[in-house]
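Naming follows writing order (A, B, C and D), and every chain is counted from residue 1.
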Amino acid sequence: MDYVTVRYTSKKPKLKNPILIEGLPGIGNVGKLAVEHLIDSVNATKFAELHSKDFPPQVFINTDGTIELVNNEFYYWKAKKRGQKDLILLTGDYQGLSSQGQYELVEKILEIAKEFGVQEIFTLGGYGLGHEIRDPKVLCATTDKHLVKTMKKYGAVFKKNEPGGGIVGASGLLLGLGKQQGFQGACFMGETPGYLVDPKSAKAVLKILMKITNVDLNLQALEKKAKEIEHIAHQLKEMESISKEKSEELKYIG
Amino acid sequence: MDYVTVRYTSKKPKLKNPILIEGLPGIGNVGKLAVEHLIDSVNATKFAELHSKDFPPQVFINTDGTIELVNNEFYYWKAKKRGQKDLILLTGDYQGLSSQGQYELVEKILEIAKEFGVQEIFTLGGYGLGHEIRDPKVLCATTDKHLVKTMKKYGAVFKKNEPGGGIVGASGLLLGLGKQQGFQGACFMGETPGYLVDPKSAKAVLKILMKITNVDLNLQALEKKAKEIEHIAHQLKEMESISKEKSEELKYIG
Amino acid sequence: MDYVTVRYTSKKPKLKNPILIEGLPGIGNVGKLAVEHLIDSVNATKFAELHSKDFPPQVFINTDGTIELVNNEFYYWKAKKRGQKDLILLTGDYQGLSSQGQYELVEKILEIAKEFGVQEIFTLGGYGLGHEIRDPKVLCATTDKHLVKTMKKYGAVFKKNEPGGGIVGASGLLLGLGKQQGFQGACFMGETPGYLVDPKSAKAVLKILMKITNVDLNLQALEKKAKEIEHIAHQLKEMESISKEKSEELKYIG
Amino acid sequence: MDYVTVRYTSKKPKLKNPILIEGLPGIGNVGKLAVEHLIDSVNATKFAELHSKDFPPQVFINTDGTIELVNNEFYYWKAKKRGQKDLILLTGDYQGLSSQGQYELVEKILEIAKEFGVQEIFTLGGYGLGHEIRDPKVLCATTDKHLVKTMKKYGAVFKKNEPGGGIVGASGLLLGLGKQQGFQGACFMGETPGYLVDPKSAKAVLKILMKITNVDLNLQALEKKAKEIEHIAHQLKEMESISKEKSEELKYIG
């Protein structure tokens, strides 16, 4: 097995200039949540797996008791009507652990993208604010200047010097290395506190993606998850304030 | 020397569809203890060593004053009666230190397994509970769905979502990569507190393995070790509670 | 893409025995500041980019909303009058993260230097003192004994056993590996507290470089930056002393 | 440059079955001190340098202001009388930083050893006790059983289960990998507190080496250094006990 290997799990699909959409684990798991929801909503078909020697040496256990090597997975979906394009959807368990591993992984993804005729890449992720936020905006950065206007039209936000640290990981690298190879695209970063997985932020990202892809998605499942997470966040806060009170009482006594 | 190298220390044995059983260091050293006991009990013969540039740069010192490069070791045992199969037993000083090292090591092990006609792989390890346990169960995960039933019959336990983090290390990877190459098998994880080496858990794992392999093992040595470890654990606890008392006395005085 | 790759962003310039001057990020960012100022002052032309799999997997976002893969950049400048030499200027976002990454990066830089006929290399950096300094001296080390005298003439300082730890990173390695390949050169290390970016130290380094290269530079922009940084340093100190006072008050009360 | 490269700095010497003696940095720098003293005493001649991409990316600065890439160095010495053998002496600035780097380095050393007809290897190091010691013993481990007796005769000590962790680093690996390639040899580990460089322990190691090699060494320089270090150790202790007293006074006052 090479450092990164691709394994086709079904016949290679025939796709027409598909758009690649990536959502791997990251801050608030925004990108992964968004792409997983997209896969479920459009009922996309899995066709390939990526394995890397830079992923942890780990298997997960399915509910039926069988094991599954950690991986990244490719799905495809064929356009149903005019104004839509075929999609390749990428999600997975991990990003590469090391710098080199990240570069190798992204190079392999771009190789596959090229093979299927991809010209446009959209990468999804979160932008950690470190504080709560009511209506998460979606920050954006693009490979090409002319795309900035387009993405603004779709509701994406461009802020000077944000994110200040740029984009780290596969979402950034796919555009950075991709640009050198002639791909065009954009990264959408949903604002998120970054403490917990954030379906609300994933929803904000998908709303923009719906406009770009012309694909209608039912976002109710994400909204439900978002409420559950808000509930958990609320409980965590209460527990924290109780334990704070208690420790203050203790100080008072002691 | 390649990244991982195999060195035959005796003539290559001729084996008939042997079963590969792996037990490398890990939580509670359950897998290593089990395979070492198995090797001693059946008086298996060492035939090869694995060295990896991802093992620590280290030699151990034998009781006779000579040194030994850290390694993994292969043993074989030939079936003595009907219903038994030839065995290849794998144990060693270390697993790979890095992700890549683990993948390379396991690929080499599978290469050797294939060379000897192995079709089934059983990997042994511990499942750390973080608390003490009277009767350790043996959790299981398999490469194939049809094996789940079989393993249940032998007394292995399947719990939904356990281990939640999947299986990390050679025990998981041998099945994960092996499955892709057509091997079948299962991982047995003996429940263990995980604080100390755990011969009791190793015994639980071997009891199931005895049924699968149809090989009778005398488990007394493990039981004796288990009692010694229980004694040590008991002493450690007492020391802890004494030092706790003392520190409370000190607080009282101070 | 190889571990380190060079990408020409314009036609390869024709240069006559150019001098290579390197200033990558490091202590006080002295080297990077100096080379960036040099590039701006002489209006040098970018002609190539280096990418390495040992750089972080990261893109930065330009002010126009487009992304840029982290890199090292080569600029050239052609001599305008007698007594000057053509220059190749190297700066960038990062040095290699790992030892191996640093060696690979520097080997690639030397390969390019050789291709353009470079014979002399000057590397710029900071020498962290850990305390403030009014007039930063510029320490020096050279590839060849006969250069020591020359560099002293230009105002560089040689102190026995300083820097005690030698020179770590690209500035050292370019000379160390370069010397083996027949390059000559020197490293200039501007003294710096090392807490903040240090334009004052960069100015000191450039003053010496101006004499060596016979290139006149307007250093006002650096002086302005130096004043800004001094202002910030002053503010930080005040904040510190206030918070110190406060914590002492608190101690007094508590 | 390969991962590890050898560079001959003089004509390859013609040696007759030389003994390789290694002393690289380690606990108490015992091995390095010993080999450096040996090189000085017999006035050995440097003939080659090793560079590795796993060494830190660093140059040291010579007293004349020139730089020197960090390396390992080979010296040779030709036997002067009957009963002596030619020597190859290896010391240097660093060992490899990573596991793989250590393996690669040692393989290269063995390759060179083989080229010069080396059959015996002696590796020198320290055995850290964590407490002071008046008369450091020299622990030993060998590649072959028959050497244990010989080494005992020379005054080396074999203790069961010591060092419990085996031998980590080049000293262990040279014997471990060397044994597989047919080299014979021993590792001598001078007992040392391990806090400071330890010339006393280096002296103990050299005393044994003198008997093995039949080479007379003047150990006065080491004895002088040992006294200096003892003086420093004494001063450090005093400073410690003073600061301890002071902190107790403070407690008393506060």
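Throughout what follows, a contact is a pair of C-beta atoms (placed from the backbone, for glycine too) under 8 Å apart; a residue touches a chain by one contact, two chains touch by 3 or more.
Note that the structure is a prediction, hence the values are computed from the model and not measured.
Shared contact partners of chain A and chain C: not a single chain qualifies. For the touching copies chain C and chain D, the fraction of interface residue numbers used by both falls below half; the interface is of the different-residue type.
For the pair chain B and chain D, the CA-based superposition corresponds to a rotation of 90 degrees in steps of 5. Separating the CA-averaged centres of chain A and chain B is a span of 37 Å.
One finds 52 Å separating the Cα centroids of chain B and chain C.
Inter-chain contacts occur between A-B, A-C, B-D, C-D. Residues 96, 99-100, 102-104, 106-107, 140-145, 148, 158, 160-163, 165-170, 172-173, 175-177, 179-180, 187 of chain B touch chain A in their complex. Considering their complex, residues 1, 3, 7, 53-61, 63-70, 97, 101 of chain B touch chain D.
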